[in-house]
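There's a structure below that I have some questions on.
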Amino acid sequence: MEEKQFAFSVIGGDARYIELIQFLQAQSHQVYVYGFSNIDFPDSVILCDRLEETIQKSTFIIGPIPCSQDNYTLFAPYHQGSPILLKDLFESLSKYHVFMAGYITPKVREIAGDSFKIFDLLQREELAIYNAIPTSEGAIQIAMEQQPITIHSSKCLVLGFGRCGKVLAHQLQGLGACVSVGVRSVKDIAYISTYGYQPLFLKDLKKEIHQFDFIFNTIPSLILDQSTLLYVNKGSIIIDLASKPGGVDYEAAEKQGVKALLCLGLPGKVAPKTAGWIIKETVLTICSEMRE
Amino acid sequence: MEEKQFAFSVIGGDARYIELIQFLQAQSHQVYVYGFSNIDFPDSVILCDRLEETIQKSTFIIGPIPCSQDNYTLFAPYHQGSPILLKDLFESLSKYHVFMAGYITPKVREIAGDSFKIFDLLQREELAIYNAIPTSEGAIQIAMEQQPITIHSSKCLVLGFGRCGKVLAHQLQGLGACVSVGVRSVKDIAYISTYGYQPLFLKDLKKEIHQFDFIFNTIPSLILDQSTLLYVNKGSIIIDLASKPGGVDYEAAEKQGVKALLCLGLPGKVAPKTAGWIIKETVLTICSEMRE
Amino acid sequence: MEEKQFAFSVIGGDARYIELIQFLQAQSHQVYVYGFSNIDFPDSVILCDRLEETIQKSTFIIGPIPCSQDNYTLFAPYHQGSPILLKDLFESLSKYHVFMAGYITPKVREIAGDSFKIFDLLQREELAIYNAIPTSEGAIQIAMEQQPITIHSSKCLVLGFGRCGKVLAHQLQGLGACVSVGVRSVKDIAYISTYGYQPLFLKDLKKEIHQFDFIFNTIPSLILDQSTLLYVNKGSIIIDLASKPGGVDYEAAEKQGVKALLCLGLPGKVAPKTAGWIIKETVLTICSEMRE
Amino acid sequence: MEEKQFAFSVIGGDARYIELIQFLQAQSHQVYVYGFSNIDFPDSVILCDRLEETIQKSTFIIGPIPCSQDNYTLFAPYHQGSPILLKDLFESLSKYHVFMAGYITPKVREIAGDSFKIFDLLQREELAIYNAIPTSEGAIQIAMEQQPITIHSSKCLVLGFGRCGKVLAHQLQGLGACVSVGVRSVKDIAYISTYGYQPLFLKDLKKEIHQFDFIFNTIPSLILDQSTLLYVNKGSIIIDLASKPGGVDYEAAEKQGVKALLCLGLPGKVAPKTAGWIIKETVLTICSEMRE
């Protein structure tokens, strides 16, 4: 497939962004960079000294994920010198600019104003789907590290059959686990049977949960509450992938001696390079859509 | 799981319904039957002599799929004697009855009136999902029968990633094919990559279609039109699973010497017993939902 | 990979050989052909008028599979005119020739003498392994055609875990069946568990066989004898892939109303093109080994 | 399956043996234990105070894996007090005893003499096959921990297609990797194609090795020597599962900046409970065979 070349200014970001920059460069896009002191990039990546200069170089401005941790400064862990203020950044952007970043809070959006286009990368469904892969593998890695048994031949329960549940069930089965998936709807039960997993209605969770060695939760609500935890086998482990506050009553779990781990942000932690590749794909898709 | 027992009156239907009746009976439901002359059922299935009698026996009345082929008589290929008129059937039903059947056309619905509850089984998503399995296997069987090569190691293209496309891609990969899936949306492309298939944007179809040995279409629109068919490899085969009129310009295909088959109603044809099981599951789900 | 080019003389053979000739030609080998009247080949394939001429053209002489059905004439179903006598063929070969064919019986070998090199293609293990694929797919196709249920979700028993058992178990699992494999040795039981199939010791066959919808036999001994057949579920089917006389007491099966089919030579029947490709691979491997 | 009950004396061993003892007890076998100070076992497990007492209790004596690390004392890391001497143990055994342990060196065997039956558990093929699973998962866990990319979509090379290579290729493919397998024989190449992996002849290793992200070696010879390592991609990792000294020139790897890890004894390290289960299965199989 022939591909169009773009110019990007990447400002701030963590280890995933170091990979992102290299992936963009490897596909022959021009990349201007600010906020990555002392990082070695290939020669064709241009390191800028000043924020304004970086912004003037390209239409597409890529900000970090998350955009900001304090709604005031840009998230730029590799940046040395005085923090990059959101205010300074946004004031330099004109109506010709397209700004992409992740977790753009209402407060950040308010500071940004409406004089240029903004895309929240984390709102893009394809990014969420691709991220399900490193999330699933991270969960499997943790499961392997924590338990004295193999995934193969174990009984695994995946709670939820959204993006992450689908990939996790697929990979666990690929490793040879006996996989059950717990859901609410008759429709999902049908899909689950189709893929060869054991279907489990969530209303039967208490009755069935005792049999599982590994319990992976992807449902963002308190599904593993105090009374359900009573039925969990003490030797098993709960790996909770649902966004904060997660799907487990952690206090109750600790009291009852049930091992439960809240595992967030796995793609950046276990596979920053893959995470960088995913951001690259998403950024390029947005650019293509805008050119169409 | 403990299960509630129901009484059913099954009136009309084809080979799938003979299986349905036996599956219901095997799960200890009481079944009254009308419209199946000379069929041997287990003793506990009660064959009724008159329509009215059958209807009085139970709350749940199961009519055929399709409900009628002429909007006038009930579809009852195993029935001997004068046809069962929709009018007679519906007039016997009271507000306590629940009537389930398939392909209930607006005309049939008009005859039925609104004095009792009606469910169109084919509108149930779980039935459509389960039906994707015999549809997929039927397509694979036809592919095997028609071509002189194995599915294993062949290049297969699945057009569409809905219910049927998902199952078909999964099974073809399970047989060892190299599977590509053609879709429109970036989101589906992401899912397809996740499952390990080759993603193909439909806009690139003409450019890529020449390489495939088997082409399975599940998209209900004229995707394989005259100009696209020009690029299809002459030794390959198109198996079209999209509902009538299908996704292929059949006239053009014939002129150009491209083998293309429209394959409809596969579940009933290749796996009537599985199809009967699926109807049974759907019927029981409806009953459970009503009792809740 | 760079490849050496060879010249071949193909004499006799069935539909698989028509494919073989085209595969060889497509890889730029020179092919001389005798015994295929009225078959259209690509221009670069040279049709010879006389046997001697064909033999003189190349070092590698490819005879049919089976080499002969009567130990007297060459198996050449597409040949018109007087039969090709083994005696005539072999007398024309010199010590510089390499003759490859299949099912070379002791009698044929006696006629051939020892003045040139002979390879029996069917003795080559890689051919037997590759042939397991079309055999497995053929068995699955027949299973689909014969039974009113899907392979998906069915209970399948594979007897034996040799080449064919391995591929068949793999493909059936890929279609979503619940697969058991019956074997004798503890070692095979371990492998079977590893691949995620249900292991079954053959000594427990009578006790367990009732539960299966599809029974595939690959063991070349009378494993499904009269007394074992008594336990087979009447609605199920036995597909016997073991070479003649097969692994089923067919007379007893018929008396007891058990459906059992002896299915031999599946590669040539269901996938002649794939079968031709496999012969081509094997022939080229032999040539490469000789050049080393 | 009905099962016979046995009595076992377990003397020495590591964490896997704690699991072994519990698995045996859970299947209602009587277990006598010596060499596990301060370990809590279920009540029905009988802790013996003296070696002789332990030995007198049962016919089947289970010693550790490895049997001894110094050819003088029994390997008993949980034992407190003076070491258990091989000499003392073996002198207490009579011709009615069956002694099972692992890595029984010629020296140990000499000390044992021939007055009782000895089985080396590690010589049992089913144990080696089952051990391939935790070995494979351990290798995958290490691969996940060490590299910044996911296994999914990565290019993996497995060197060797024995027990461990087979399971590893299967699990890597199950995680969504693109799997190549490198072997010597044409026969293995055929099997590899059959399972849907990319076949690679070892003679082409230098030419192809650059493309892989993960390289898993299971071949117990110096396959990744200095000259081959030159072609390995610097960002990739070699995980060497071949028994000491392994299949990598580690000195050369370090000089050339190639990441290579020798990973031995993975079952006991990453999945001691699974490893204990495997030993239990093997012990019971030996007992069954002796009773037959």
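For clarity, chains are labelled A, B, C and D in written order, and residue numbers in each chain start from 1.
Note that a residue touches a chain if its C-beta (ideal position, glycine included) is under 8 Å from a C-beta of that chain, and two chains touch if they have at least 3 such contacts.
Please read all numbers here as calculations on a predicted model, not as lab measurements.
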Quick one: point me to the chain whose Cα centre is farthest from that of chain B.
D
Name whichever of A-B and B-C has more C-beta pairs touching across its two chains.
B-C
What is the distance in Å between the mean C-alpha positions of chain B and chain D?
50
What is the distance, in whole Å, between the centres of chain A and chain B, each centre taken as the mean of its C-alpha atoms?
38
So chain A residues touching two or more other chains come to 133, 152-153, 170, 176, 193-194
Per the touch rule above, chain A residues touching chain D in the complex are 15, 19, 133-134, 136-137, 140-141, 144-145, 147-153, 170-171, 173-176, 270-274
In their shared complex, at which residues does chain B touch chain A?
1, 125-126, 129-130, 132-133, 166-167, 170, 186-187, 189-191, 193-195, 204, 285
The answer for chain D against chain B in the complex is residues 152-153, 176, 193-194, 196
